[in-house]
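Look at the two complexes coming up: chain A is in both, with chain B in one and chain C in the other.
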Partner chain A sequence: MARTITLDHITKIEGHAKLRLKVDRGKVKQCHLTATEGARYFEGIVKGRRYNEAHEITSRICGICSCAHVIAAIQAVEDALGHAPTKQTKQLRLLLTLGERIRSHATHLYFLSLPDYLGYESALAMAKNHRPELQRALNLMRCGNGIIATLGARDLHPVSATVGGWLRLPKEGDMQKLRLSLDSVKKDAIATCDLFNSLKYPEFESKGKYFSLIHPKDYPFLEGEFGFGKERVKKSDYRSFLTEYHEPDSTANFVVKSDKRYFVGALARINNNRKLLSVDAQKMLRQSGISLPSRNPYHNTIAQAVELVHCVDQALEICSTLKIKPEEVEKIAPRAGTGVGMIEVPRGTLWHEYTLDAQGIITRTNIITPTAQNLLNIQEDIRQFVPRVLKKPRAQIILDVEKLIRSYDPCFSCSAHFLEVDWK
Partner chain B sequence: MTKLKVGIYGITGCAGCQLSVIFNEDELLDLIEVVDLKAFPFIKEVNPDEQYDLIFLEGLVADKGDLEAAKKLRKNAKILVALGACAVTGCVPAYRNFTLKQNYEHLLYRKIRELQDVQPTPVDMHVRVDYYLPGCPPDKRQILAFIKGAVKGAIPRPTDNPVCVECRQNGNACLLEIGKPCLGPITAGGCNAVCVNGGLECWGCRGPTKDMNLPLMISLLKRKGFDEKFIQDRMRTFAGLKLPMLKEVLHGKNHHA
Partner chain C sequence: MKLHVFGNEYLKEDSFAREVAEYVDAEIVSCRSPDELLDAEGPVRILDVVKDAESVRLITPERVKAQGMLSLHDFDLGFFLKLMKEMGMEKEIKIIGIPQRGNPQSIAKEVEACLKSLD
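== the complex of A and B ==
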């Protein structure tokens, strides 16, 4: 008997998506995951604008990872202009990124993921019986948002980071306040690991490879090469690595590598860089009992919890050691060129690419988000996963599939923009 | 006392305004005691399709699905609030209305037989909106103040002061005076001039004030050395559809982006 499961509006994800699943005699006949966001054409919108406007505009691709788009755009434009930022500028960009990672992971873990595991329809419904857990989530979110607002003036779409440096620098006392705030949430990050380590995750192995930035010395955020195992891709070569195609009904893109699917995100990062995690993060990872490398997407939540600890530790180190020097935004003469920004953001690797003319006007843009890379893998994971749970009641199948989708922390707001189809 | 029944929904957008609601970290748990936050698909599985006292809608209308959702939510809401710049002005995604079609035409999906795309437009171009919470995103405390006000039956009135009023109160140096293209003088305040506090000139995300002097603003920017195309692009980035007079002020010229 053929069965169809259609989830027209998948909740507890960023943005809008739907799934169409058709099963006949134990076989998946159709499995189609599509973004249903309206198209926003960001690449078209920044065309014709000045080089130092790109990050302000592309920040609006996504609320929860607006810092990511700001930093990727700035990095790409500086690359095109042949500009190397100062050490202080780089450290502050990293701190902004860490703040965003903390608030994004905390939001995803507690508000979008945890209710599935504890049997609630939402985090709000958990308020009565799980207030301490929610309080912990809010503490972490407050800390992450505090870092972003201190550096960027606002917690969403921060404004102070710009091409050539910072429009406003934090004051000495600001760093001290952030240190105290980070100190106070360290225990919340550890408790988050304890909680997510204690949950039961379905056994499943994705056929996708795991790709992330890999760096010889530091856990990767803003620097490194894109890779898997021994494979490496320099950022200037990313176009030859990736091929893209558009799914017929989706305003988001599937990105595929040589027709082979892969995934990005926290699990890919710890698979590739686990030895570079902070001491306490490594300890929490060991306590999780998962063996790495893991291709079980449900483990992405554990990986996010482990990263929370790492991010708090690394942000603490920056706030304790960085002495803010007065530095003006560096003046950079426009010139023609193409540049690529490649960074790790909460959901995986993000690329921004801009081509500028001699006056510094943007003539061409390409943006590839983590979810655009993960989308095919999520869909194919569902196809692979569903046959083994077919005997379960319909509601349970739906819950398992939704948990699978949510474990990737997909952001359909991010992925729903049009990318260039023809690469020359 | 029956609690106010509240829904928070999103159509095409970045989810940032909805996040701003839950980023009220100190008040969120109290808020859900005071109101019945019954629908919030971003973080809730169960979101009944029924009557609400108050519905906040984030996002702009960019496809047929958005349009249907906006119409349905209008019907479901006693009070419909446009939440954030996309819903209020169309924000950055509506800037596409002013760019050359050739800038984005090649980005269209070739496989889509029937493109579900509609002109990107703010919510009030399709359904009646009772209140506006402008900004990209709105100040999270303002959203909270609005809900608290609604509970008490006294919804706070929006300010029509330009951004400059709060900016001066904050003691910021005037960015226009040092040659930055700040749109503060013609932009509705209420944001505590947060961008200027952070060193960035105002881009006008909260939309124009009712009594703005657009010709004066333009001539001021020209005197600072900005050309018409730049001025037009900047003003249209966040609120182009709310500045239809811009074309007239620029003497009918349309500098294509």
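== the complex of A and C ==
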């Protein structure tokens, strides 16, 4: 007998998405994941603006990942202009994005993911019985917010980072305050790992390959090459291996690599770079007991918890060692060119590409978000996963599928692009 | 008396509390994120605009509508107040809700009267 399961609004993810699943005699006949967000038009909005406006505009793509879009846009524009930022500028950009990652991971882990595993409908429902856990989440979120507000001058859509440097530098006292705040949440990050390491995750293996930035020396967030195993791709060549396409009834962008699905995110980063995690993060990863590399998307939750520890450690190191020097924003002469910014953000690899004319006006833009890269993999994982849970009650099937989707921490708002129309 | 003021300054319909606060005789704490309330000591007084409100009103957190958290974007003041209550964070919280538009100076007078009534 054919069964159709439609999830009109998948909850506890970023943005709006819908899943239509049709099963006949134990086989999945149709599995279609669509984004139902309105078109965003950001690539069109940026066209015709000056090179140093891109990051301010594209920051608005997402309130959760605004720092990530700011830094990806700045790096892409600087690449187009042939500009290399100073070491201090790079360190502060990294610190800003670490703050955002601490906030984003803590919020996703405790408020969107944990209720699933503890059997609650929502974080509000578990608040009475799990106050210490939620207090921990709030501590981590506040610490992340503090880093962003200190460096970015605002806790959302930071305004200090710009092409060529920083419009406002933090003071030594600011760095000291951040250090104290990070010190105080280190135990919360460790306790988060302990908690998520203790949960039971479904057994499942995705057939998608895991891709992330890979770097020889540092756990990669803002620098490295895109790769998997020994496979490496130069960022300037990304158009020759990543293909974007749209489904007829979805506003989301889908992306494949060499016509095949793949996934990005914390698990992919850890699979590719685990030896570069901080000492304590590596310790927590070992305690998780998961065997690496892992293609189980549910382990993305553990990977986020491990990254929390790493991010706190790395941010602490920057705050402890970086002596802020007065540096003016470097003046960069506009020139024609194309540049790509490729960075790791909470949900995976983010790409920004800008083409400038000789006056520094943006003539073409392309943005690929992590969720766009994960969408096909999520959809195919569901197709692969559903037959094994078909004997369960309908509500349980829906919960299991939603948990699978949520494990990717997707952001459908950010993956929604305008549809390209063939007018012929 | 500290008055914690909320609202997005870039949205006209949401920023009116900040405009009114400039005329209120109180120690203004400009809040960008609801978790800043965790630091507040003693009774917490909040100034924020209320959709469809026609006059200045005192509101208890119980009356603020808050959905379950469906996405990270739902982490707003309403959700946070509910969360604090569910977590048993016993703070005496009162919200002075104001309309989304009007004369800021005269509304500020009403806000001051509200604050006095809470002393």
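Following the convention adopted for this analysis, the second predicted complex is superposed on the first by the 417 of 424 C-alpha atoms of A that agree within 3 Å, B and C clash if a C-alpha of one lies under 4 Å from a C-alpha of the other, contacts with A are read in each partner's own complex, and residues count from 1 in each chain.
Simple rule for what comes next: contacts are C-beta pairs under 8 Å (C-beta built on N, C-alpha and C of every residue); 3 or more make two chains touch, one makes a residue touch a chain.
Everything quoted here is computed from the prediction, not taken from an experiment.
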Practice item. After aligning the two structures on chain A, examine chain B and chain C and state clash or fit. Key: clash
Practice item. Answer with first, second, both or neither: which of chain B and chain C does A:G82 touch in the superposed model? Key: neither
Review point. Should A:L138 be classified as contacting the first partner (chain B), the second (chain C), both, or neither?
Key: both
Check your understanding: On chain A, which partner touches more residues: chain B or chain C?
Key -> B
Review point. Where does A:A153 make contact in the superposed view: on chain B (first), on chain C (second), on both, or on neither?
Key: first
Check your understanding: Now for A:I57: first (chain B), second (chain C), both, or neither, which partner does it touch?
Key -> first
**Study point:** First (chain B), second (chain C), both or neither touched by A:A123
**Key:** both
Exercise for review: Return first, second, both or neither, reflecting whether A:T107 touches chain B, chain C, both chains, or no partner chain.
Suggested key: both
Exercise for review: Name the contact category of A:G48: first (chain B only), second (chain C only), both, or neither.
Suggested key: first
Study note, to complete from the structure: chain B stretch colliding with chain C in the overlay (listed: 57-65, 111-119, 147-155 or 165-173) is 147-155
Practice item. State which residues of chain A lie in both footprints, the one left by chain B and the one left by chain C. Key: 11-12, 14-15, 63-64, 107, 111-112, 121-125, 127, 131, 134-135, 138, 141-142, 145, 154-156, 413
Exercise for review: In the complex, go through chain A and note every residue touching chain B.
Suggested key: 9, 11-12, 14-16, 36-45, 47-50, 53, 56-57, 60-64, 66, 103, 107, 111-112, 115, 121-125, 127, 131, 134-135, 138-139, 141-142, 145, 152-160, 162, 166-168, 246-249, 251, 413, 416, 418-422
Revision key, fill the gap. Note: in the complex, chain A contacts chain C through residues 11-15, 63-64, 104, 107-108, 111-112, 121-125, 127-128, 131, 134-135, 138, 141-142, 145, 149, 154-156, 413
Practice item. Could you pull out which chain C residues touch chain A in their complex? Key: 32-33, 35, 38, 66, 68-73, 75, 79, 82-83, 86-88
**Study point:** Residues on chain B engaged by chain A in the complex (per definition of touch)
**Key:** 10-20, 22-23, 25-26, 28-29, 32, 37, 40-47, 60-63, 65-66, 91-93, 95-96, 99, 103-104, 106-113, 117-118, 120, 136-137, 140, 194-195, 197-200, 203, 230, 233, 237, 256-257
